[in-house]
Amino acid sequence: MELVLSLAIGIVFASGIWLVLRPRSFQVLCGLMLMSYAVNLFIFAMGRLWIDAPPLTPAGTLPNPAILADPLPQALVLTAIVIGFATTALYLVVMIGSRGLTGTDHVDGQEPDL
Amino acid sequence: MKRWLPHPVVSLLLCGLWLLLNQTFYPGHVLLGALLGIAAPILTRHLNPLGYPRMRAPVVALRLLGFASVEVVRSCFNVSRVILFADYANLKSEFIRVPLTMRDEYGLAALSCLINMTPGTVWTEIQPDTHELVLHVFDLHDAAWWVDTIQTRYEQPLIEIFEKKGPHGDPA
Amino acid sequence: MATLLELSIGYALVCAMAAMLLCAIRLLIGPSAHDRVLALDTLWMCGMLLALVLGIRFGTQIYFEVAMLIVLVGFVSTIAIAKFLMRGEIIE
Amino acid sequence: MTSLPLILLVLLPFAGAIISACLPNTSRNRPAAAAGVFTLAALIIAISKFDELGAGQVVLERYEWLPLFGLDFIVRMDGLAWLFSIMVLGIGLLVILYARYYMSKQDPVARFYAYMLAFMGSMMGVVLSGNLIQLVVFWELTSLTSFLLIGYWQDSNDARRGARMAFTVTTAGGLCLLTGVLILGHIVGSYELDAVLAAGDQIRAHSLYLPALILVALGALTKSAQFPFHFWLPHAMAAPTPVSAYLHSATMVKAGVFLLIRLWPALGGTPEWTWLIGGAGVITLLLGSFFAIFQNDMKGLLAYSTISHLGLITVLLGIGSPLSVVAAIFHVMNHAIFKASLFMAVGIIDHETGTRDMRVLRGLRRAMPVTAALAIVASASMAGVPLLNGFLSKEMFFAETAHVGGTEDWKMSYAAVAMGIFSVAYSLRFISVFFGQLAKDLPQEPHEPVRWMRFPVECLVVLCIAVGVMPERVVGDILAVASSSVLGAAMPAYDLAIWHGFNLALGMSGAALVLGALLYWVLLRRHDLRERTRVPVLHRLKGAQAYESTMLALSLGATWIIRLTGTRRLQPQLLVLMSFMIVVPLLLVDPWFSLPPVNLLNIEPLFAVLWLIGAACAAGAAYKAKYHRLAALSMVGGTGIVTAITFVWLSAPDLALTQLMVETVTTVLILLGLRWLPPRLVPKVLKLTKAPPSTWFRRSRDSLIAVGGGLGIAAASYAVLMRSPPPSIGEFFVLRALTEGGGSNVVNVLLVDFRGFDTLGEVTVLSAVALTVYALLRRFRPATESIAIPVQQASDVDPTKDQAPAAQARHGYLMIPAVYLRLLLPVMGVMAAYFFMRGHNLPGGGFVAGLIFATALIVQYMVAGTDWVESHLRLRPHRWISWGLFCACFTGIGAWFLGYPFLTSHTAHLDLPVLGELHAPSAFMFDLGVFLVVVGSTMLTLVALAHQSLRSHRLAADATRVTIPPAKEIL
Amino acid sequence: MSLHWTQHLILVPVILPLLAGAALVPLTQGWHRLKFWLSYASILGLVANALALIHMTDGGAWQDGMGIYLAANWSAPFGIALLADRLSSIMLLLTALLGLASLHFSKQRWGRIGVHFHALFQFLLMGINGAFLTHDLFNLFVFFEVMLAASYGLVLHGYNAERIRASMQYIAINLAAALLFLLGLALIYATTGTLNMADVAGRVPLLAGDDLALFKIGATMMALTFLTKSAMWPLGFWLPTTYAAASPPVAAMLVLMTKVGAYVVLRLWLLIFSDDAGAAAGFGQDALLYGGMATIVFGAAGMLSTDTAGRMAGYAAIISSGTLLAVIGYGQPNLVTAGIYYLIGSTLAVAAFLLLIELIDRIRTPRSAMLALTMEAYAVEDAPVEPVGRGVPAVMAFLSLAFAACALMIAGLPPLPGFIAKFGMFHAVLHPQVVATAANGVMTGPTTIPTAGWVLIALIVLSGLIAVISMMRFGVRTFWASGVLVPPKLHRTEVMPIIFLLGLAIGMTIQANALFGYLARASDAIHRPATYIGRVLSEPTLPGPASSPAPTINLTPEAP
Amino acid sequence: MNGIEHLPDWAALVVSLLLIVGASIVLIGALGLLRLRTFYQRIHGPAITVTIGAGSLLLASMLYFTVAQSRPVVHEVIITLFILLTAPVVSMMIMRAAVYRDLRARRPDAGATAGDVYSIVDEE
């Protein structure tokens, strides 16, 4: 599990990096999305991996941290997802705004000199 | 009554949904569910110009449901068989036209649900000029059979359920 | 019998996962955009079923919620893409 | 009078400057009067201080400035400072008077006098500084104010150029001086002048002596226009003549030599000092005097002469014997007197004739006899003619040069005589304008100036003669006090007399006079001195041009550096960031972490397959994103759902829910945006099959970085995952969530209680982004190509072509879907309520609920179109956001009233009849705020985007249906 | 037992702008007057609050000059702690004053065009203030995002092609950087198990082996984010473009945002990698030093290479960032004091300059700029007749004086605070053994100065020279370009903020000693991490609805 | 695994059966999606997934939890309801999109013209 998840994070992150380095704004957008998946999973993984141990402590049971997943990274990821969502939306809108005003979807707002 | 509870059935269903979701009959939840059930249709009424259907002929409906269920299971195994064993090259997947008489939106929706939930057929559209249903059939042997089945087995009961007696609901 | 149940749960998990894999392959190879939408929608559906089976396997209801949400909103992106393919914009 | 504080000497000129600056531009007499009064007041105070300085006394005033650095603002007056003060103020007063008549009616003199007095104040600051940092402050102020003075006639390109050149050179020098002074402070342990002067031996013995000396010397030499920094001075002649008379006789350039004299006890007396200061002086003195001969502009001649005389003083200081220091001080004084009067005389000539060109001017003696007489006397003093002050100090100089080389080395003496010869020659050239026939074609008819314009010249010339005839009586005391304040115990015996008998110095003087006259005659007769436009032999030495080229080279070099080490493009910047992410830890972290061995048996096959899908989708998206946006979007969605499943698998149901919702809304968002992007054609379609090598290089480089980054993060996560966790604060939350947070969903309690503050920030981010999007889209202008109706809608194939959106839902192809989707609306509303209500105890919460609600609404937009929905529903997203934020904030603030910190959660326990006990935690209200903000922000964003289609439809309808050739649908 | 009301002052810098922003959101453009005054009232409140905080921290009201606010009443490593000390208080004051000036400036024009300027402005203030106050790493991330999200909107404010091009860069870079922040944060949590800065600092000495390596990697990642924000070479290429594109009041605020990065580096590094940090002590200091130096060089070259005022201001900000980073990397308490003084002064100067640019641009019509350039290039003599000085109308006099003041401050020439700051830094480098604590810093005997110290001095001096050369070049071309200048109409609301900022700078010079004293105490405090660790972690919660008085957790509960 | 051991045999058997059938159908549906020739055939693959596949699994879940927790657990009905409300829309939208895309793109071999309901109009 650990190995798989690590490799998965690596591959998703690598795809994201590749895209972020591309010249078209849509590519960068996809890259940022992929990178944030990877980063969210990475934060999540910092609480280690737990199966069938959601951090719920129903009334009437004695909460036992030793058998429940670490809730803190989850809370952090939650906030990170939301913020990532907001910034993705923003980047998208700036992307189309840039396309509208500059006439190109190149990230620099102008086609490179060839 | 009509003003505060315009759609009792819908409200009841929503309240049921609420209780089902919470898996409880705790009085607080019943109250909350009732409130939601009443409020939700009222709050959304402007966005639902058709209003909600009044279903009649429950027996017909049950019969239709039974027939359809059998048809679904049968078609499902047919499709599975085709996928697993058939010679794809000789598979005859075609669009067919089915002339419809039913006009009621809910009736048509129910029809589309039945057709789409039955494996092997996919509702494509109703052609606006001719009011013919275009259907895609996965493994077509006899187009006429399909037209007949849909018209008699599905459309007729649905007309009975949705269209027989006058208008339904209160359009916004 | 418990063994049978465990085995069948395992089988169901494997099947659901295999189904997801097949969907993913269709998603990757396309060839047309509508193929991809279809594959993505089915991927969501298989994911929902996987969650459901995981729920049985671990005996908790938590997975159910996720499954429910997948069904409830999974279709939105599908019809959005479909409408985009049909009309070139999703809100006219 | 004596009780007046010294600081007035510095403050009065600045006060005058401020007053002058405040006077209107048109006033002429008032600024001059103000300037004169303030200067005069300061001068009187300064003169009155002489008595206190009698026997090597120092008057010192201390004001607190920066005690933290051991810095006081010290006004310190000793003999040297007194002498300079008198020069600065006295000549300043004369220049003020002179300028009153010199400046024309159009000149805004208020500003002129303001600059002038500010400069004067800065000079006084330099002269009276009791610590070196303070000195540097005023030093830089003189650079600044002189810049303004030189550039006073800002319309003239020469003035701007001269001002910039002077400023750049002297400021650079000033910064060197600052550094040098810092080193001195470091060596001595104090910046106070007295301490530094007393620590001469310590300084000279210190390893940092040479750097300090060089830096201080750079400061002094630039200011005094010494070789190789001399070039700025002639260009500074673009200033109005009163400015030249002031800056280049008594003040600005003298600041440099002042500094050298001032620090002579601390830095002087070493071979390094002699070589550096003396060397620069000798070259300057020869060059300056030689160049002066060949100038055609009278001011230019005086400028080079000034350079040369400053060189002379510098040489004297470089020689560094006590007597030479005395000579230097004496010459500083004499030079100020005769040079100021000469500049003013030139100004008069310029003012009355309209030109300063010596090739044109002739016989002015006839038109302005008095001025001519004055100028001739002053230039005689400049040439070192006996009975004038210039002769005295020059003779001391000759004596010192002869002394310095002993009996073997006569080089210095030859140089001195050569300089003497040249100065006689240029002085003759200078006075030549008074002789001969009166020139006819002058711009103006020459005549004597007004009485008071000549008066300052007369004063100074009288002084020349007075000093020259009876030096001991006129300046003996002053010189003694000034010199002794520098030399202290080393004060030599000297005799200020006109006649010292026949000695070597007299011989040198005589030789210089005779040979100089001869040289002038030869040049005039044999070498067309009057017609020459450039200096023989040395004309290649163009300091100014070197300066300009240096500046240009600096600029170009900087541009080159920026082009080489910087970029304005995004990709390289991201490249740097990404590669830094890999490289910097590699460089900095040592030892590196180790990776635990891989155990393939631990791999859960199903999970591996799951991520095989996820990874393939990610890689596929990376591959497709350029030409197949929709495919890439779908694949990103694939990775998204795999991520969500991973979350639910690994015990994070809240994350899974959130991920799913975000996934959906993001997809909708991107689809709304995609319409505005240009179609991108695959290279195959464009028949571009082969990528150029540069592309291959770029791709390999990027993939290398991508792989590196991926490996890095994979290794880090594997390393962490295989280690046992440290004692973490996470356990606290598990233990307290229910008992004290009042909720059994620990993650939710974290969000609304333990770390509610984060959530508050998070909803603010959402709001800010939504507002930004809204503001941006209000003024969105689509590219011309994307205004056109999408290809899909323009196609005749589809019967929907001419249907309005609402009609599509009423009886078009959306009729049936509309039935379903409208039924879903109340259902989704209930679901939103469900996920909201249970959030505190089970997975869910305000965020997820808000997104579900927003999704339900946006589906309605998709079904029936913007117009229809908005005519049936008034959603005011701004208010949702606002209420949401208020709700969250006031829930937090509510705790204040109960005496608790912000956001402290409280639970109201209600006992209701039928319903039993109800818990109403305040966190619930907080979560409601979150819900409202999420709905508001999401709707605001989505609707703003959706409205663009509407607008473009309107545009397209207006623009007679722009039909762009349908290139290809986006795959 | 309840909270003393003054404790709430720590929270006000975050909450007040948030409330003001929330109130501003639904107001439509027709209410621009109300919007402005609402915004203005909020900022005035922030100024007053910051002054009060300075009084509380420096006046001995709070032990160790630290006020700690436990949000939601959870004790420190668990909940989010806000911490106001002298350093954060002065930064809050700087923010409020700069905000006041920018907002005032925007009254005439910028606040009215477009929508939501004021709301976003308030959110920006909230983000910046939060970043100064928070003592929790993840909360820091959140406030960074608040600040950035608002700044994205503000940079785009006044939507044109140039702004949107710049925003693309600015946003993309910052999004990528934010991801690095999260990576770093995650690694720090994974290795230390905590997010509270003081708690992290307390746990760092216990780290060893792989944990330490991973922790350092995490710290590096976070540092990369901060350094991107503070525009260290080669991470700061976005800055000049963004500054030049943004509208003046926004650009002025951006100057401060650049400093937030450096502030965080200062705070975190002194806390986490202090001498008490065991094996991690001093981690990365050299990189900061050399990076800062490279940044100075880059910024100086940039100033010299450009003719655009906005870019020039950007490069000036880069120089000051570089200087600050080098100062932090040099690692000497009294140098830090001067560094903070420099930070404040240079922020005021560059901000004033950015505001001024708009006014200057009104005289620098394209034609005049062109003419000035060609005249210089070809040394065209444009005044063939007798040179005559020109009367300077009051407007021009103001503009040129203000410009001169900005130039002097940016270049660090006397007599404005730029010089005092630089002198303070030189002095500190040259007198390493004097700890600037007492009001009377007595200098003692010489010590050897490391080469880096000399290099730093040289770089600061040279960058100042280059700054003054390029500023002068610009000024001469602008104010002394003849014949084509039209004295522009200036509005009082545009002039006042510039005067205000410059007045503040002059005030800094006059009150240099008092300010240095304050900053020395601030710097002294942040060089004592143990105090922070002790204070933050022992701050008691109130007994009451949510938490028990002293959280003692039994980490191994009985198995059910 | 919680409670699996305590499940009565009959229930375990039925649940297993439902699981096996449902999962097999799901897999077959996905196989169809992958293997069938044209899009119009492939769209029928997932149809069995959402009907019998999902239905069996939902029944299995319902039964399992009802028995395991000894109380009626029927909330899987909600999922069923949602499937009924969404799956038909999804298929018809995708189908129609596909048809008109293929028609617009003039792809005669895609399958949209099979059955002669739709025809490709040649451009002038």
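First chain written, first letter: the chains are A, B, C, D, E and F, and each begins at residue 1.
Keep this in mind: contacts are C-beta pairs under 8 Å (C-beta built on N, C-alpha and C of every residue); 3 or more make two chains touch, one makes a residue touch a chain.
A quick map from chain label to UniProt name: A = Multicomponent K+:H+ antiporter subunit C; B = Multicomponent K+:H+ antiporter subunit E; C = Multicomponent K+:H+ antiporter subunit F; D = Multicomponent K+:H+ antiporter subunit A; E = Multicomponent K+:H+ antiporter subunit D; F = Multicomponent K+:H+ antiporter subunit G.
All values reported here derive from a predicted model rather than from experimental measurement.
K.L.:
What chains do subunit C and subunit F have as common neighbours?
P.N.:
Touching subunit C and subunit F alike, sorted by label: D.
K.L.:
Of all the chains, which has the CA centre nearest the overall CA centre?
P.N.:
Chain closest to the assembly's C-alpha mean: E.
K.L.:
So using the touch definition from the top, which pair is joined by more C-beta contacts, D-F or B-F?
P.N.:
B-F
K.L.:
Counting in whole Å, what is the centre-to-centre distance of subunit B and subunit D, each centre being its mean C-alpha position?
P.N.:
Subunit B and subunit D have C-alpha centres separated by 73 Å.
K.L.:
Could you tell me the distance, in whole angstrom, between the mean C-alpha positions of subunit A and subunit F?
P.N.:
30
K.L.:
Would you mind pulling out the distance in Å between where the CA atoms of subunit E average out and where those of subunit F do?
P.N.:
57
K.L.:
Measure off the straight-line distance from the CA centroid of subunit D to the CA centroid of subunit E, and report it in whole Å.
P.N.:
The separation of the two C-alpha centroids amounts to 16 Å.
K.L.:
Which residues belonging to subunit D are in contact with no fewer than two other chains?
P.N.:
As it turns out, subunit D has residues touching two or more other chains at 568, 570, 574, 578, 633, 649, 653, 674, 713, 716, 720, 725, 728-731, 733, 735, 754-755, 758, 762, 765, 769, 772, 776, 791-792, 798, 813, 816-817, 820, 823, 827, 831, 842-843, 945, 969.
K.L.:
Can you list the subunit B residues in contact with two or more other chains?
P.N.:
Correct list: 17, 21, 109, 112, 123, 125.
K.L.:
Can you list the subunit C residues in contact with two or more other chains?
P.N.:
Correct list: 13-14, 18, 20-21, 32-33, 37, 39, 58, 60, 62, 68, 72, 74, 79, 83, 85-86.
K.L.:
Let me know each pair of chains that touch one another.
P.N.:
A-C, A-D, A-E, B-D, B-F, C-D, C-F, D-E, D-F
K.L.:
Hey, which residues of subunit A end up touching subunit D in the complex?
P.N.:
1-31, 33-34, 37-38, 40-42, 44-59, 63-65, 68-75, 77-79, 81-90, 92-97, 99-101, 103-105, 107-108, 112
K.L.:
In the complex of these two chains, what residues of subunit D are touching subunit A?
P.N.:
Of all residues in subunit D, those touching subunit A are 568-571, 574-575, 578, 598-600, 602-604, 607-608, 611, 614-615, 618-619, 621-622, 625-626, 629, 632-633, 636, 639-640, 643, 646-647, 649-655, 658-659, 662, 665-666, 669-670, 673-674, 676-678, 680, 702-703, 705-707, 709-718, 720-722, 725, 728-731, 733-735, 737-738, 744-747, 750-751, 754-755, 758-759, 762, 765-766, 769-770, 772-773, 776-777, 780-784, 786, 841-843, 847, 937, 941, 944-945.
K.L.:
State the interface residues of subunit B toward subunit D in the complex, per the touch definition above.
P.N.:
Listed in rising order, the residues are 10, 14, 17-18, 21-22, 27-28, 31-32, 36-37, 40-41, 43-44, 46-50, 105-106, 108-109, 112, 123, 125-129, 172.
K.L.:
In their complex, what parts of subunit A are in touch with subunit E?
P.N.:
20, 25, 28, 32, 35-36, 39-40, 42-43, 45-46, 61-66, 72-73, 76, 79-80, 83, 86-87, 90-91, 94-95, 97-98, 101-102, 107-110
K.L.:
In the complex, go through subunit D and note every residue touching subunit B.
P.N.:
799, 811-813, 815-816, 818-820, 822-823, 825-827, 829-831, 833-834, 837-838, 860, 864, 869, 872-873, 914-916, 918
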